[in-house]
Amino acid sequence: MSDSRLSVLRDEIDSLNQDLLVLLQRRAELVLEIAKIKRAQGLDGYDPEREFEMLQGLMAAVTGAFEQAQVKEIFRSIFRASVDIQDRERRRSLRVLRRDLVPEGGIRVGDVAIGAGRPVLIAGPCAVETPEQMEEIASALARLPVAKVLRAGAFKPRTSPHAFQGLREEGLKLLREAADRHGLVTVTEVLDTSTLDVVAAHTDMLQIGARNMYNTELLKAVGRVGKPVLLKRGFMATIEELLLSAEYILCSGSDAVVLCERGIRTFEPATRNTLDIAAVPLLKGETSLPVIVDLSHALGRRDIVLPCARAALAAGADGLMIEVHPRPDEALSDGFQQLDLASFAVLVEALGFGVGKPRAEVEIGRE
Amino acid sequence: MSDSRLSVLRDEIDSLNQDLLVLLQRRAELVLEIAKIKRAQGLDGYDPEREFEMLQGLMAAVTGAFEQAQVKEIFRSIFRASVDIQDRERRRSLRVLRRDLVPEGGIRVGDVAIGAGRPVLIAGPCAVETPEQMEEIASALARLPVAKVLRAGAFKPRTSPHAFQGLREEGLKLLREAADRHGLVTVTEVLDTSTLDVVAAHTDMLQIGARNMYNTELLKAVGRVGKPVLLKRGFMATIEELLLSAEYILCSGSDAVVLCERGIRTFEPATRNTLDIAAVPLLKGETSLPVIVDLSHALGRRDIVLPCARAALAAGADGLMIEVHPRPDEALSDGFQQLDLASFAVLVEALGFGVGKPRAEVEIGRE
Amino acid sequence: MSDSRLSVLRDEIDSLNQDLLVLLQRRAELVLEIAKIKRAQGLDGYDPEREFEMLQGLMAAVTGAFEQAQVKEIFRSIFRASVDIQDRERRRSLRVLRRDLVPEGGIRVGDVAIGAGRPVLIAGPCAVETPEQMEEIASALARLPVAKVLRAGAFKPRTSPHAFQGLREEGLKLLREAADRHGLVTVTEVLDTSTLDVVAAHTDMLQIGARNMYNTELLKAVGRVGKPVLLKRGFMATIEELLLSAEYILCSGSDAVVLCERGIRTFEPATRNTLDIAAVPLLKGETSLPVIVDLSHALGRRDIVLPCARAALAAGADGLMIEVHPRPDEALSDGFQQLDLASFAVLVEALGFGVGKPRAEVEIGRE
Amino acid sequence: MSDSRLSVLRDEIDSLNQDLLVLLQRRAELVLEIAKIKRAQGLDGYDPEREFEMLQGLMAAVTGAFEQAQVKEIFRSIFRASVDIQDRERRRSLRVLRRDLVPEGGIRVGDVAIGAGRPVLIAGPCAVETPEQMEEIASALARLPVAKVLRAGAFKPRTSPHAFQGLREEGLKLLREAADRHGLVTVTEVLDTSTLDVVAAHTDMLQIGARNMYNTELLKAVGRVGKPVLLKRGFMATIEELLLSAEYILCSGSDAVVLCERGIRTFEPATRNTLDIAAVPLLKGETSLPVIVDLSHALGRRDIVLPCARAALAAGADGLMIEVHPRPDEALSDGFQQLDLASFAVLVEALGFGVGKPRAEVEIGRE
């Protein structure tokens, strides 16, 4: 008997579900009509005060099996769904989520295409130090048959004001000259709106560092320059926050943004940060912007750069960023995580980026 | 014109809200009737397969402004609310959330009452080492006019198998004897079901350490002993998980559980863990079980024990746990975080727990 | 026999220790003399290349019980100690660690003294929204007999470019006017060097937000303004990094910096961030700068503001920052964490800051 | 002139370095001789009290450029180095670091070899639920031409005592029977020493779950059984702690331990945990034990299992663990992260593990 009773009750629930659906769709139509009127008046569709009043009206009427808390929860989900459909059009214009944002040929930095199918190598020292240093690195990089970008910091964001802060404009020139001698394109970090013009005048791509990912004024200013931008994830930033920082740039005029996973801060001390490898497919699932991985900052140690570089490419990364220095032990900053030129050559060979026999098994950075 | 139109639309929405409410309450009644039938058949009310079928029926019927995704979200919130009301009775019996769990006089450990209004001091060395060590500490503790419990580890959960593992049964006896000589009650950690009997035979209160907070078999076994339990939060555990671990003990027969915040693992290296001070009022808002704070493990350094002890009491903690050792620099484990007896005496004075002039401003552990 | 042999061996070790000490002290003298010569030549004393050469010389000579790894470690500690003594003078000038940095009367913001012994209350809405909103809050704050600062954001650093970004210059004026009408001093956030002048023209104290703690260009620019600065800890910044960010400001011309703990990002979801209560005594142990606690951002919920405020004061905080709004449910940002005026009045009473009966036990923000 | 003076000073330092080296090596000899005598007396070589005395002797003698703090630091590094050489022999026997621990053919679980060069697939449902469920999964797994292990939980470690706890012994039998019908080997979790015997009687490999990684009593008991063990990293455990937990098992009699990275707890909400990909090469650099990656628990979502599986293999993992269920939406636990059989088939094809055309580009789990 109870089974047939169960069956009757379930049928009634099914029928109620359909009635609820009809009312909900009618309600949705009304919401959209209201939103249209308000838009015509230049008003924002979202009105928390109105929601508050509606909830009060409902709470006053609650009697029965659902208590106020449950009714509130259900209507909040109806309100959310209503905001969703109002936002639908706006969301369609949330640029960072658009699948057609990046052209077929990827994002161009001079003759280098990022996100066009073949991985790109972004390499260079932590900081520009001397003409000789830059020459050694640029000439080594130029020889590689892979698409590459020369990177080096001229304005360095250091934790302490007493640490080496970079050669500033002089450093920008050394980077430019070394790149030009070898036909390379460049990327370097911009720290502030006040130095944006001078940095933009000397480099092909502008980098926003992890410490500046939330610096919205800088994001907007960089977007207005019109040059491609390399946007690094803050070491304390969620993936969603990274996408919204990219949105700032995209909304300011530039569509040429490359995202960079560079490790997040966790409790694990074995690496400088924890490389969040899942961020690569997650970002690529959300946006059409290219995604690269900065292995040097993520790991902070040389000996596992190779397997982690392989993992990044296997996860779908469009490129790798690796710090390299002629004499890491003498570097003015971050020496412990920069590869020397010999190890770098071994690495690019092992990754199949090099000139010689591909993917040899080698050990890098182990003492 | 548009304003009057707005007004008409809003009235219609208000009316629709009420219609929705009626349907929802009818639906809730049906859900409760079904649950009753199923309970009579010995079945669990929750039926994900049935939810899945209903969603499929609804998805097939979706046309209009709300798309499938929104309809799904709204009905999921209806399903959740339906589970809520079925669970209501069961939740009322979720013991850890019951406000009447702990008697007026708090949880008794011998003649010590925890959670009865006056803060309790739980102190002693990290590990039982020698009779002399235990005697020195027990006699110092006994002199304090505050309610107190003598703590010391006999079975030590060490990260490495080659580290000092505790004196085991011999340690239990030394702890018991020192406490008995000075009329103190004791707490000590139990590591495993296989040694539970011997530990329970020698101590007044059983401690579940942070590493064992998720060890559900041990939680159940400890609950069956019937002695009061001190349950430490895992250093990777959320507050909700701590409450659910307490629920394991409560459901196994013991209502005498004291919760202990002891710091969580974060990126900040200045302290061994990060003392989550907000956990104290959060836990006390959820449960009537007493909440204490283990300052030694939370901080891992002596110099800030006093201000953090004051903060813990100000936040509402029912007690403090502090490691103290006659000669911390010679301790077989965790020497760096144990106070010596002189500093301990200064601390208890400064907290107003001592025999002399109260709340003096002193510096502890600074070298 | 072995005991007497042990004794002989130990005596020889004691004697060797003294010989090592003599050589080490002679070595230290030489290091200081070299540093002096280099300073006269305008060179940095620290020379990693020279260290590298010395290590190579030593490695070549290693035979015996200590292997290269151990010798390297010992000499690295000698090198570190040598850098230490060279840095000693420089460190003595690391401004943030100077104990005499803040005058007896604390840091002055108009007639308000922060760090002068009595706790200060910094309160106001997340964002300036309307003249009425500011008037309500300012008049409520003005009535309190405690030292207080009116806070409100005009330039808002929002994660999404589509979220409310603040009233900008208009907001600065509303804040200023509301404060002036009630004789209050103000603090508001500055986001960028390009808007620093306009912000500084309208406020008594400049706030650097958590997202900008690493923005060294902004830190330097703010330091040059000469107004007192409220520096918030980044939500994934270590305590040491916060001190070094303060050093940037101090080195740029301002000594009036107030540090603010506002919670760090962890895995615990019950609070928006985890209030790192130990940061208060740790910071106060390192620097003489005042330290306040922002409870609203640390907790992200109203119901535990009171016990955590008590904890902050008990831990030694020089002040509290709390968000308050006439109608939090209608706030344009962060409504869920702002107190309404009635709850705020209850809170300040309970903390003993209010006009009525002190420290009543009340519950705030619980629904 | 100053340059020649510099040169003289540097020569003197070089000479002092050599003198220091001679004294240090003589000191090391004495330390080893003392340790030998103490070992003969059954004593531990490490003597913190003696170190304390030596430091006191040195501190009393400090005058000159190095202050007490520096001298203390240098001598502590000498003490550490001295402990190092005493430990050298013991460390050589730290089993987990031995390179010869695992035989050429890897660790055998029946006819499956883990760590022998070809990746192994460990798959199955979160929990054993019904005979039909196990049959469907076992038959699907059996068809794959890759080395594989059938996994399923019979004893489930659930956060709440009211959640499904597993079929216990009945579940063990269903797992065994399904595996036997299809010639598969099995792994299942053991929760406690009290149920170890019954679990060991029914399975080929014993799993220690993340919640039990610090459960040293269980680790020791499992090591004594003699069956291969799959040891999962705790979700807030460091890599070093994982190795030391393995050491517990190795020291109790079993050398057949497979390590499993399964994600760590961080602030990022997009994945259930954060897959620490660097842990794979770091662990393989430290130990010869095989290392696998549990993608289901690390990610907690299906849509990025494929790229992360590729990343794990590229980083050097010896195998993958993936949860699969005939009808994930009806699963009694963790349904949201289990793949259905069709998606699983696509995944193994795409990884080149399947029967059909290898490494097709497919999307899994996207709705």
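By written order: A, B, C and D. Residues from 1 in each chain.
In this section, contacts are C-beta pairs under 8 Å (C-beta built on N, C-alpha and C of every residue); 3 or more make two chains touch, one makes a residue touch a chain.
Quantities reported herein were computed from a predicted structural model and do not represent experimental measurements.
Asker: What chain is the most remote from chain D, judged by the mean position of CA atoms in each chain?
Answerer: Looking at centroid distances, C is the chain farthest away.
Asker: Over half shared or under half: which fits the residue numbers at the contact of copies chain B and chain C, same or different?
Answerer: same
Asker: Any idea what the CA-fit rotation angle from chain B to chain D is, to the nearest 5 degrees?
Answerer: Here the rotation carrying chain B onto chain D measures out at 180 degrees.
Asker: With contacts defined as at the top, give the pair, C-D or A-C, that has more of them.
Answerer: Ranking C-D and A-C by C-beta contacts puts C-D first.
Asker: Round to the nearest whole Å and give the separation of the Cα centres of chain A and chain C.
Answerer: 28
Asker: Roughly how many whole angstrom separate the Cα centroids of chain B and chain C?
Answerer: Their C-alpha centroids are separated by 30 Å.
Asker: Could you tell me the distance, in whole angstrom, between the mean C-alpha positions of chain C and chain D?
Answerer: 38
Asker: Of all residues in chain A, which are in touch with two or more distinct other chains?
Answerer: 236, 240, 265-267
Asker: Taking the complex as given, what residues does chain C use to touch chain D?
Answerer: 2, 5-6, 9-10, 12-14, 16-21, 23-34, 37-38, 40-41, 50, 54, 57-58, 61-67, 69-71, 73-78, 80-81, 84-85, 236, 265-267
Asker: What residues of chain B sit close enough to touch chain C in their complex?
Answerer: Residue positions touching the partner: 236, 238-240, 264, 266-271, 274-282, 285, 298-299, 303-304, 307-308, 310-316, 366.
Asker: Enumerate the contact residues on chain D facing chain B in the complex.
Answerer: 48-49, 52, 90, 94, 157-162, 191-195, 211-212, 214-218, 220-221, 234-236, 241, 244-245, 247-248, 251, 265, 329-330, 335
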